[in-house]
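Heads up, there are several structures right after this.
Heads up, the next two complexes both have chain A, just with different partners, chain B and then chain C.
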Partner chain A sequence: MEKKLKKLLQNATRVAPKISKKGELFELRNGLVSPYPQTRKDAIKKTIQQMTLGKDVSSLFPDILKNIAASDVEQKKLVYLYVMNYAETHPELCILAVNTFVSDAQDTNPLVRCMAIRTMSMIRVDKILEYVEIPLRKTLQDENPYVRKTAVICVAKLFALNKELCQELGVLEDLISALEDSNPMVVANTIAALSDIYESDPTVVQLPLLIQKHVSQFLLALNECTEWARIVILGALAEYTARDSIEAEEIIDRVTPHLQHVNAAVVLASIKVLIKNLPLIQANAESPIFSKISSALVSLMSTPPEMQYVALRNIRIILQKYPQLLTRELRIFYVKFNDPLYVKLEKIDILVRLVDPSNLKQCTLLVAELKEYALEFEPEFVSRAILALSQLAVKYSETKFVRKVLDIIVELCKTRDSFQDDCLVAMCNLLRHTGSGEEDMVAQVCSLAQAWGSVDSLLQTDYAKCNYIWLLGQFPARFNNIQQKIHNFLDSFTQEESLTQISLLITVVRLHTSLPGSLLQELLNLATTSTNEVDVRDMAIMYWRCLSLEGSNDDLINQLCNSSLPEIATTLDTFSPELLETLLRELSLLSSVYYKPVATMTKFNANRNDSLKGKHLDELKFMARDEIIKNMNEDHLLDFDDDSNSAINASAANGSTLNDLNDLFDFTPAQQASPEQRPVEESMHKLSLHKNEPSQEHSKSSNTQDLLDLF
Partner chain B sequence: MGNFFSSMFDRLWGVNKELRILILGLDGAGKTTILYRLQIGEVVTTKPTIGFNVETLVYKNLKLNVWDLGGQTSIRPYWRCYYSNTAAVIFVVDSTDKDRMATASKELHMMLQEEELQDAALLVFANKQDQPGALGASEVSKQLSLVELKDRSWSIVASSAIKGEGVSEGLDWLIDVVREEQL
Partner chain C sequence: MTSCIYFCDNKGKTILSRRYRDDIPPSAIEKFPSLLLEAEHESSIIPPCLTHNGIQYLFIQHNDIYILTMSSSLSVNVAQVFSFLYKLVDVLAEYVKAVEEESIRDNFVIIYELLDEMMDYGVPQITETKMLKQYITQKSFKLIKSAKKSKNVVRPPSELTKSVSWRPEGIVYKKNEAFLDVVESINMLISANGQVLRSEILGKVKVKSHLSGMPDLKLGLNDKGIFTSGDSGSKAEANPSKKANIELEDLKFHQCVRLSKFENEKIITFIPPDGDFELMNYRLSLPIKPLIWCDTKIQVHSQSRIEIHCRAKAQIKKKSTANNVEILIPVPEDADSPKFRYSHGSLKYVPEKSAILWRIKSFNGGKEYSFAAQLGLPSMTDADVPRVKRPIQVKFQIPYFTTSGIQVRYLKVHEPKLQYQSYPWVRYITESGDDYTIRTA
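Showing the complex of A and B:
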């Protein structure tokens, strides 16, 4: 009796697990195996608390697992949470939970059923996956839509964990039949699961075909499901190409109401579907659908700044396809004083693109607005505004207007310190647009630049220096002491970046008749020996060769020195048509924010390194060619403003690299090459011969053999 | 705070306290069937238990937390995770499986050596008495060398989980012993 009393008192005094000297884990373990249910539950809560704090409580795994089979849903949830977190650290112990998982998957409570199947398919333990079949099959046919929708997602998870098993079990067929489900949530989740599977392995399911079969169901389900499900379904619809204009019209009719949804992602996804179907119905610009899209885009401008940014990036893509879309809404894109910088920069970009060049009033208003921006204090913002002024002038193109803008920029250049770089670039852009015909404008710019004392300390960026040197080369008569100015740059040649180096090279060659020969000699020496830039070196070698050719090459030199570049028509960058199409398909995805198609962002880069190994020369050749073509497209994109390499030049230059590449791989031109070119060709071949010689011992590939035969 | 008081009262009056009882044995001995015979009084169709089943049942005013652990060779090493705070062990033997009697004996004695089980009472069910060729309780007892056990209350009962014979008698004995010794 005394013993009993003692025990009773002892129990009564120890209520909650206290922190003893033996440590927290010991106390928690004691609590977890306590004979009192409430104490066990408290201990589980404490353990989860520790887990979320980041402490390692994985050693309690077996004790926690004992509590998994409880009728209390709250406790079950906590235990499941723990198991999900630590299953990977105790894979062998997870097997103890299998029985519970399987019986929980038949629980009367749908929430418990979901929890069981969800956990089973997400913990990366192979032993568990062996037992997943029956519960998964059962839950896929469950009467409760919430359970079915969870099970559908679980199939995708299972596929990601173990593709072979998933196919073996045949649950993919169940998944496909779930597309016919009466509940829109289930349909949406099924589509999401199928797209995931399709993305990781396109051979397993015929997603496009399935979408095609179920389009009408999707359209019906669209109105009845949650935002998330809507986005998924709209994403699937965007993959589908309508059979004819009638079907396209129906899709457009069904999707249009969703443009008014509060969720910006739904709006963008709807726009994506509409843009996909618009070409099929041949809508003209007056069609009401455009005004609806336009007002939907405008509504996105009243969202938080982060979402505005995404919207602006997407608008930029849409605008290139439909430039007339938002012209009436210019005012919306005016920068507000409290916009974050990243939104401001995008807005300026959109403003210049949006403005109608035939509308003088609008343009004049915008100039005034941009001028205001240029008087702000954020440096990046001011730079962008100055650039935008020049872009706008080039876009409007009329001389009087350009002159007015130039006056503004000159004024800015004089009044605002530390923006000379941007002003100079902007002014040079204007001059490139008007050509050298406008004497007074040239004089205005040159006298401003002439007045600057130490140019190399005044101008900071590579780009501005490059433009300054271009100015010297283009209008040498307007500068005094040009030799000294160039000499200054020459002294710091090795520290300059590549654009400045190239520009210096071009200018000095252009002016070589009026400059002392030593200057040219020094520059060519520097450019061929002390630079790491391959382009600069190649260019220098090319010039050197041209200038030192035997015989009378006055024509060639004349052409080199006195050619004038074509006038630039626009300084706004555009996407290549292929890129535009891809981006329009990927609207509202991350790729539309980066302007990089999904294919180039992740998978391709990951695979590329592996794929390079074990390829033959032929394949490599094609890969290299593709790469160059792709880069060419990117160049278009990156041409924010024009300097010496305008878009045309850029593509020409790329074209020549392509030819070079062809030359490198094709050996036939060697025979047809003109006598003067032969030495170059031959030295090139020697070079490649040397490169190939060491590998010849390892593998006598037919290509090396051919090469050797040639000599 | 409410939890604090309710758990204090629980402790003071001993209500809500659960007795842990483990059902162990080799695979296929009939542990899960016995568990559900105790719980719902019916025979359920079972599959090999991967892991465990646990049921709470009230028997003679006592709350029993009965754990049925899987008996497969791969799971047996994990029995030890469940030993702490155990009031009694029910060891189930397939009386028709003469070949594995030695294995069962070995597992039983190894388990009983565990420190955490020193105070636990032992009940052995010589199960499957409904089957022809089943060994009697005394024969099973001999084969398992139960007489060698010192300092432990133990008993062996011939049972048939399918027919429901012997199961409640065995549990009656176990509860009496546990009540006497541990409460």
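Showing the complex of A and C:
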């Protein structure tokens, strides 16, 4: 009894941390080696807290490590947390823990097995990776699916760290065979791991072939697994092209129920699979599958704004392929008062695309709605609404309708200050659509523009100014004092942007018969000598030549001046067919939000610090010791001044990487011949490309040096 | 795949982070605050994804924090990322109540632990709170039990990777009960002259399950698409009550519902998680008339005063009552010295929102209340300041009533082993959604 009590006391005793002059790290270290378990645990927690705050507590590594062998899983977790954090920045320290990892990987508790294998496969040191082989193989065959699902991911981690080793060990074959696993979660993680490997090196695994082999299995697993696993499996199915319409039909049947999943990402992933397979089956517009997709898309509009944004950007892509899909759901996309601005803008875009140009009632409703938007207060939103009004008018196209919209825009232009730019562009678009035949509309716009005083300061954007000058050139008879108006622009010619400059050039040449010759001369002079825009200069030279040709070139000049632009049929931009197909394949990926296919963007290449590759164990141990000693030195520094802590720590880390870099430079010449060193060379190359980063490190490390010198 | 998860404060400074892959340098996060600033500086459009130097920053905002992930490639599934981040917030909320800067700082250990379980190498893993709680438990709780725990070591529950991954075995309740809440939120946009421009009902069925064992539940609704029972499908057609059946659109189910069974047989069957969860939600876009309508006349006598007359009417059944009605009427920002005349509720001027707030505790169906207000306007005004149009916002709750008319016909509970009696309880409530607005003329 007494023994028991004693034990309890010892277990529960917590020694309160003292405030001592020797600093926090000293206290923590004392706590870590305390004879009382609870005190040790508290100390580990405190250490992790310091770590979270960004302080460098790597010098405590050996003391923390002593606590890893505990039977208390919670404590073990804490230690692993610490180790994982420093695995990245101080991989050499982890060598000290390798034996524990190996033995933990055989623990009876699956949680511990997972932690060990997860941590081990993250440490970027070859020596440790070599120890990985046996535990990894064992855990890949573990009887617990929880462990297996962790192990398959570890293969991808290992591959990212050391491709050669991964192939050598042959774990890739184990990974591929895990696709046959009876547990859907393991299958999903295997797919994720394989896609990751495939993305970094498509030659190693034949992912498309593997997917093809397992399609029916994936379809079965879909109903059995978590939402995240479903997304991964659906993603794999979207990569697969069905052999024939029967198979496509089956895939569609199996995937359709998932449109009703509560997780929006599952819904979008399902839509992607359906859209991929739709062209293969004979589905007419009335087919129920379309109404199902439509209502699934609509349901995405009641998700958080970020998700709505993704959905809206994707809907834009889908709509170009299937324009009829959502025609009946216009009202869903009406802007809500409390939508964030980025959602509002996308909604306006969708509204105009969605509206059925043969449905007058719908179009009229939308005009009223857009007019309301134009009376809101966020400037970007109002601009977009005004543009949308003109887009809608051009889309509906009928003159009476266009006239009505023009009235609205003219009214807006008069009542809302600071939106003249947008209104003018919108009005010019309308005129360009109807052509110059509609006298009353032309008169309306021109009299409005005529009334403006100092146009060059009223209009802000290049595009609006360009439109204004175009207006002058098209309908010179409707403006008084046109010479003065153009002259105002000439005065500021060099400050204008290229669109305005070009437009000015065209207009003055067009009107050269009615304007004094000096004006033309001045402009051509300016445009050939005082602009940096090559296009403007070329155009000016061309005009100059044409105009100065002697004699019988009246025809040419007339042609030049009196040609009229073709009427515009739409002001909505579209994707090219190739881009559209690519984007449809990449739905729900970030690329589909940016409308930039994955292939167009080079992957960000991290400057991987591979310097530790290929070092010997002794050397690593030596480095580990070095590192600790160095950090300990800094501990003392830390106690002096709290403010400079983080700065010193950051630069210390940088300094050490710099050292490693130096090592790297020493290393390479000797081993250049060996092909395995390629990555190192590459990373060196990249370093020289990203010049600013190393130089920063340089300056930082020299700062440290200065600080150290000071002390 | 995502590379890391960062919790940042409202300036973009890191509070806590977990890195899953090393394809992005740790220094990349330092760019985030300035990216945010830049975006803010350029325009007021800040999309939830930013790019810098080939690194993709994807983030959501919650309370006073940003939750951010980064990716090195455009091939990251952004829908999954946002969906996961929101799930993460949900899970954390179950552990720490309010997810905000302070609570994250206070609970970093448990958050690290959760981040480790919920995501591995950028692939989302287990997010079912009911199951996570089985093997990741609050510290405080553990400390008391730690003596006992040493024998009974924490292990991942075996159900975790099975097909019913959301419910542990061996749950026992003395009294087996299930509570159903049918909540409908009404979103509505009404023009100044009373025309409904857009209306939708967002409904959800929330379940609180206090049931033992592994019960199999079957829910019957009066939906046209959902058969109320297997055999009476044809009978229902002939039934005079057919009119009462409604058609729900965009049904979305919790993952415990067997989706293919619903797709093929239109039966909602499921094994529920223990405790609270949202079983399903739906959307209906039928035209509905305003439940709370208010007719507002605003007269602006520029440079002297503004007069507001408002009549509110509860257009609901006589025996129903709307509770906690709040009507927020915008007034110009420079208005002052309010004078009110009103008969019901309480009326006050809220300068920080530039609005008048009219609160009515309980508003009986068919009743009509009104108020008149007058506010002073400064005699000197800057004529160039554009008049900003803001809508009137209305909030309310109506218990014992659903707008769509949806009804729970039955909830059958079948537990094959224990065979107990159970008691389902059903509550209905209609409330205003986050966008119930009336435009001003």
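The rule is simple: the second predicted complex is superposed on the first by the 579 of 711 C-alpha atoms of A that agree within 3 Å, B and C clash if a C-alpha of one lies under 4 Å from a C-alpha of the other, contacts with A are read in each partner's own complex, and residues count from 1 in each chain.
We adopt the following convention: a residue touches a chain if its C-beta (ideal position, glycine included) is under 8 Å from a C-beta of that chain, and two chains touch if they have at least 3 such contacts.
Worth saying up front: this structure is predicted, and the values here are computed from it rather than measured.
Enquirer: What is the contact status of A:433 with respect to chain B (first) and chain C (second): first, second, both, or neither?
Expert: Neither chain B nor chain C is touched by A:433.
Enquirer: Chain B or chain C: which reaches more residues on chain A?
Expert: Between chain B and chain C, C touches the greater number of residues in chain A.
Enquirer: Figure out whether A:146 sits in contact with chain B (first) or chain C (second), or with both, or with neither.
Expert: In the superposition, A:146 touches chain C alone.
Enquirer: Let me test your reading of the model: by the given contact rule, A:306 touches which partner, first (chain B), second (chain C), both or neither?
Expert: Only chain C is touched by A:306; chain B is not.
Enquirer: With the two structures laid over each other on chain A, which partner does A:316 touch: chain B (first), chain C (second), both, or neither?
Expert: neither
Enquirer: When the two structures are overlaid on chain A, which partner does A:34 contact: first (chain B), second (chain C), both, or neither?
Expert: first
Enquirer: Based on the superposed arrangement, let me know which partner A:124 touches: chain B (first), chain C (second), both, or neither?
Expert: second
Enquirer: Touching chain B and also chain C: which chain A residues?
Expert: On chain A, the overlap between the chain B and chain C contacts is residues 8, 11.
Enquirer: Over in the complex, which chain A residues touch chain B? Could you list them?
Expert: 4, 8, 11-12, 15-16, 33-39, 42, 62-63, 65-66, 69, 93, 95-100, 102-103, 131
Enquirer: Using the touch definition up top, name the residues of chain A that touch chain C in the complex.
Expert: 8, 11, 45, 48-49, 52, 54, 71-74, 77-78, 81, 88-89, 109-111, 114, 118, 124, 144-146, 149-150, 153, 156-157, 160, 183-186, 189, 192-193, 196, 199, 223-228, 231-232, 235, 254, 256-258, 260-265, 267-269, 295-296, 298-299, 302, 304-307, 309-311, 331-332, 334, 336-338, 340-342, 345, 369, 372, 375-380, 416-418, 586, 588-591, 593-594, 596-598, 601-608
Enquirer: Could you please specify the touching residues of chain C with respect to chain A in the complex?
Expert: Those residues of chain C that touch chain A are 1, 14, 16, 19, 21-26, 43-49, 51, 53-56, 58, 60, 71-80, 82-86, 108-109, 112-113, 116, 120-121, 123-128, 135, 142, 146-147, 150, 153-156, 158, 160-161, 163, 165, 187, 189, 197-198, 200, 202, 249-255, 258-260, 262-263, 278, 280-281, 283, 285, 384, 386, 388-391, 393, 434-435, 437, 439.
Enquirer: Provide the residue numbers of chain B that touch chain A in the complex, in ascending order.
Expert: 3-4, 6-8, 10-12, 14, 16-20, 49-54, 65, 70, 74-75, 78, 81-82, 84-85, 183
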